[in-house]
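Before anything else, here is the set of structures, which you'll find just below.
What follows is chain A paired twice: with chain B in the first complex and chain C in the second.
For the complex of A and B:
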């Protein structure tokens, strides 16, 4: 076990959290991620017992999750396993596939609503150019947000995650915070 | 006061406001224009060119005259149309475009010189003497040009943006729009209903006609309540849909808080990008006027606007209650205004109708077959001249309504180059068939201006639009309504010798159009540019068709033969602030921060933008007076001990798969498939045309696993190009690509003591030259078990490594290296020192790989492998590129204190400075603390063979010349012993 101390993507010792009205943004610093990419001709494996989702799909099964990122490509989520060798864990479940460590390449912000879907969808309409009707629970989209590339995963009616590039964490946090703030002041 | 009875204003909510410093009061529901009229104020501004006194002309966004500077201080906004400025308590407005008080504008003298200011005068007047243009004419014109003043203060407000998606976008909430929205809403379609007004209802609110036997606003309220109850309908008032863009995308601005004194904690406006599967254009129509002599005096306005002010805002257009009002019309619509004004108790002089035999439609006098041929009243209308059968007579009048027919608001239907078509029966251009895909015009916008027609066509439009996307909508019960008579004759302007204004905002008269005709500026596009007709804030909404008609008369052609007007976005002015769409300052452009950013900031580093990245440029220490002192110290520290630099920004691409080696053979100019596992190779990438576009290292971690490193600037481009090659050129290869740039914090550890420093943190890893030679790479652990990748590569020319750890540990690793390397002189260095180190070593960077250079020019021509094909390889051997003689060389400045700047061109001593004698150019330059002098890298003709030659580096932009000596590009350790030790 290393004696070095990690910092969050926002440069802090602990994950950040803030609330605006019904919405709460929580930095998910513990999310382990690895990309899984099928080799040519390979059939999709079932890592951790999960059936890997179809186009634009996201699944969660117990302590694991997966979302579609491209043809034959997924990101595997291992919550609270950021310190583990996530790529090795995923590779053990999909020995034929190409797996790359992505835990530290992304920042994840989990956004929850205390008032159902409406505040979340109002927020989405200010952030990304996606028809919210097509982004129901279990759906994921890779899109642009304030000139940054993000994955937006609709985890549930009242929960979503925004995953952005780690180096953009501060700018992404600022964008989410500012938008939530404006929505709160309007309501 | 000239306030009438009735109206849709809330008399229980009086509002105070000022205009040119004078206090007035109005009511909630007023616009600034209606409130001013109700206070007897007719004079609201001055015209652009002649500074003629002007009053409000319309009751909507087409207003050409009543433009004001709204609000105070930093929020002052020029060219605000008083007709759409919603009144709020404390509103402050000032008229614009005058010197001195509004009623005594000193620049009204322009009007006296109007014969000299005819259309196109400036194309002729300011041609001589030529020297006067820059110093005299242009400043004069610039001073006179423009309307209103900017505050010159930063905009204190916030703006926002957003995205909406729907099945049907209904543009306009008049009778057609409401019927369309209700029809579609009941069918379950996702509907957005947008209107620029703050009330739903559109023209229904301005008319006295009944719907289902009751005032129209009752039906509007019922529909509004139902639409609000439907979860699939979004109502957006105060929202102007200003443009149609590709793929069903519409631009709209919501004025969130323009009706409030200040936005408070919310935004001022929101820019919405609406993606609609279908749209109904129910934008209504704009009334046109009939040009006649002196038709621009305050008190003269569109008859439909006069009716609107009376019915909706209970405001009379006259200065005093008893002043007479006249109507000048070419059709029945003018009589409609007369009837409504009479019902409001106005003193009606009568209706001047151009049609012979026209009869009164109420208890008022009709001057049939007559025209208005003149007016009087300096600051407001006092009298009009009526001419009938050649007999003229003057009549006192305080206001005159002009009704020349209605122009459908076809604007958005012509945004995709859709051409409106002329409808002879309606005497109007209506939307053509070739407008934006999926848009169905309805109501007055489609020439269906009667109330019953509009309701029916709106509902039918929605049904038809939804049917195209598989949604079945059913006809709804529409209220009973009648269509007012639209009978009119084609009467476009009153002939005469005096000036008759066509375009009020730009002071374009019938005479100007005649002059344009005379000067052969007859095509409509020439007419516009020659006369400025249709330009400026109103974009000629009340002028364009009338001007076409005048030109048609002059050319003897029909109106459609003369031309049509095509409109571009935006429909009305859109502020640049809202187009910016959200954040300002740093938030406008997202930044990328390196894993050690906060660590570097805490140490006082200066940062530099490298694309979106913020990189530490240098780390000043106490006592250092200039950046150069800092950089020199950092460079020498690397050469003498060990330096640390965050190089995370370099792109990292994971390449895996059975064919990864073959794939990289085709991507890189040199061979990568033969690279041994555990080794790194420098690689060049060529563009398809054979020029260099990126370089970097490629490490082989396993048989089927490589890590490609790109330059910071090209990280995205290389990844994109590799994806293209993988997906489109060679989909048969078993290759998987993914970016891992952000996942790994990478730190360059450079200098003769780098091995010693690293040996203190690695977990039992043999760093000896034998075990881990130059260009080796390995997975290992550091600091007690932290996963890491180590590459023995060098940009500085020293013994050097790059170590990568999970990004969240980057800052901690940097701190650990600093702590453990204290006795070794461990020094953080930034991009400036990095640049100096690589120039001293003769390594290429972006300045040498600028898209116009080749491998040969770098002296690396043999790296383009002949044994395989790769992108750009064949083209690099083509004639022209193969014979390229320029080579990378080093330059030493022979003037001790002077640097040859990057971009300077090289010439032989004594040669003239010309393209023919040009010998090359300087790519990178710096002060070398190691050599204690200025050095540079340059591309030079036959550079390899010119060592020791003296040349001149000329910078003609600044008039400087520096003598330089040609030397090897490798100023440091040309044999490369240091990095291999």
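For the complex of A and C:
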């Protein structure tokens, strides 16, 4: 039988992690994702008991999460379930909606701060052209980061996730790493 | 340049792609007797005024919505932005 070894989006055997000062960037290789779109005239379902968030909202409920991506559109997050058939799991919870697998289309980098919100907000103000006041805990934006489209999810005061297209995982990692490095060398 | 997105607030125009004249929302009736001439205008004629103009912009690096942006093409002042689906619904209701 062919012996295949799984690799992460960055081509490594294990998820990559690096730290600069208070900030740690960690590749989240286990994040399962599926998009959920309402069809015309449908009301929002409540997959896994979650109330789907309003404009620019992100929710976490136990082993599940969801964030708003557009009018009547959400991404459902299943942490540590990347190997599962995520779309089937979500579709079972929202049988009327349009659900598509997204897990291997995206790469997720979790950034945590050991010194509260300030280092994260300094990082965000270097990376994206969004008012950081509008990106408090439980908020999400889709925007451009060095000409790449990303979702930035503020999971908590001291934690955020950057989701980008898997095909440019390396470029996104480079952008995050370089910016964190520069911020560290300044302080 | 900032575009005041009706749902997301002011966003950098670099997140958007530009399509042009919002007249494209007003597709003629293909069953009408003058449909051929109307479609010829619809497909080939675009207004390009020096002044206030309604344009279609796509929020590509955002929520992927189409907007109708009212812009002064001389001063680049943005006078307003609405979701294109809202504009189409309103005009369809009339």
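By definition in this document, the second predicted complex is superposed on the first by the 182 of 187 C-alpha atoms of A that agree within 3 Å, B and C clash if a C-alpha of one lies under 4 Å from a C-alpha of the other, contacts with A are read in each partner's own complex, and residues count from 1 in each chain.
By definition in this document, contacts are C-beta pairs under 8 Å (C-beta built on N, C-alpha and C of every residue); 3 or more make two chains touch, one makes a residue touch a chain.
What you are looking at is a predicted structure, and each value in this text was computed from that prediction instead of being measured.
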item	value
Touched partner set for A:85, first chain B, second chain C, both or neither	first
Partner chain in contact with A:143 - chain B first, chain C second, else both or neither	second
Touching partner for A:165 - first (chain B), second (chain C), both, neither	first
Partner chain in contact with A:185 - chain B first, chain C second, else both or neither	first
Contacts of A:129 with chain B and chain C, given as first, second, both or neither	both
Touching partner for A:11 - first (chain B), second (chain C), both, neither	first
Dominant contact partner of chain A by residue count, chain C or chain B	B
Footprint overlap on chain A, comparing chain B with chain C	73, 129-130
Contacting residues of chain B [partner chain A, same complex]	158, 160-165, 190, 256, 264-267, 273, 275, 582-583, 587, 589-594, 597-598, 612-613, 648, 654, 656-659, 705, 733-734, 736, 738-745, 781-787, 806-809, 811-813, 816
Residues of chain C defined as touching chain A within the complex	7-9, 11-12, 14-15, 60-65, 83, 85
Of chain A, residues touching chain B in the complex	1-9, 11, 29, 35, 37-41, 73, 82, 85, 98, 100-106, 125-126, 128-133, 146-148, 165-172, 174-175, 178, 182, 185-186
Contacting residues of chain A [partner chain C, same complex]	55-56, 69-71, 73, 129-130, 134, 141-144, 149
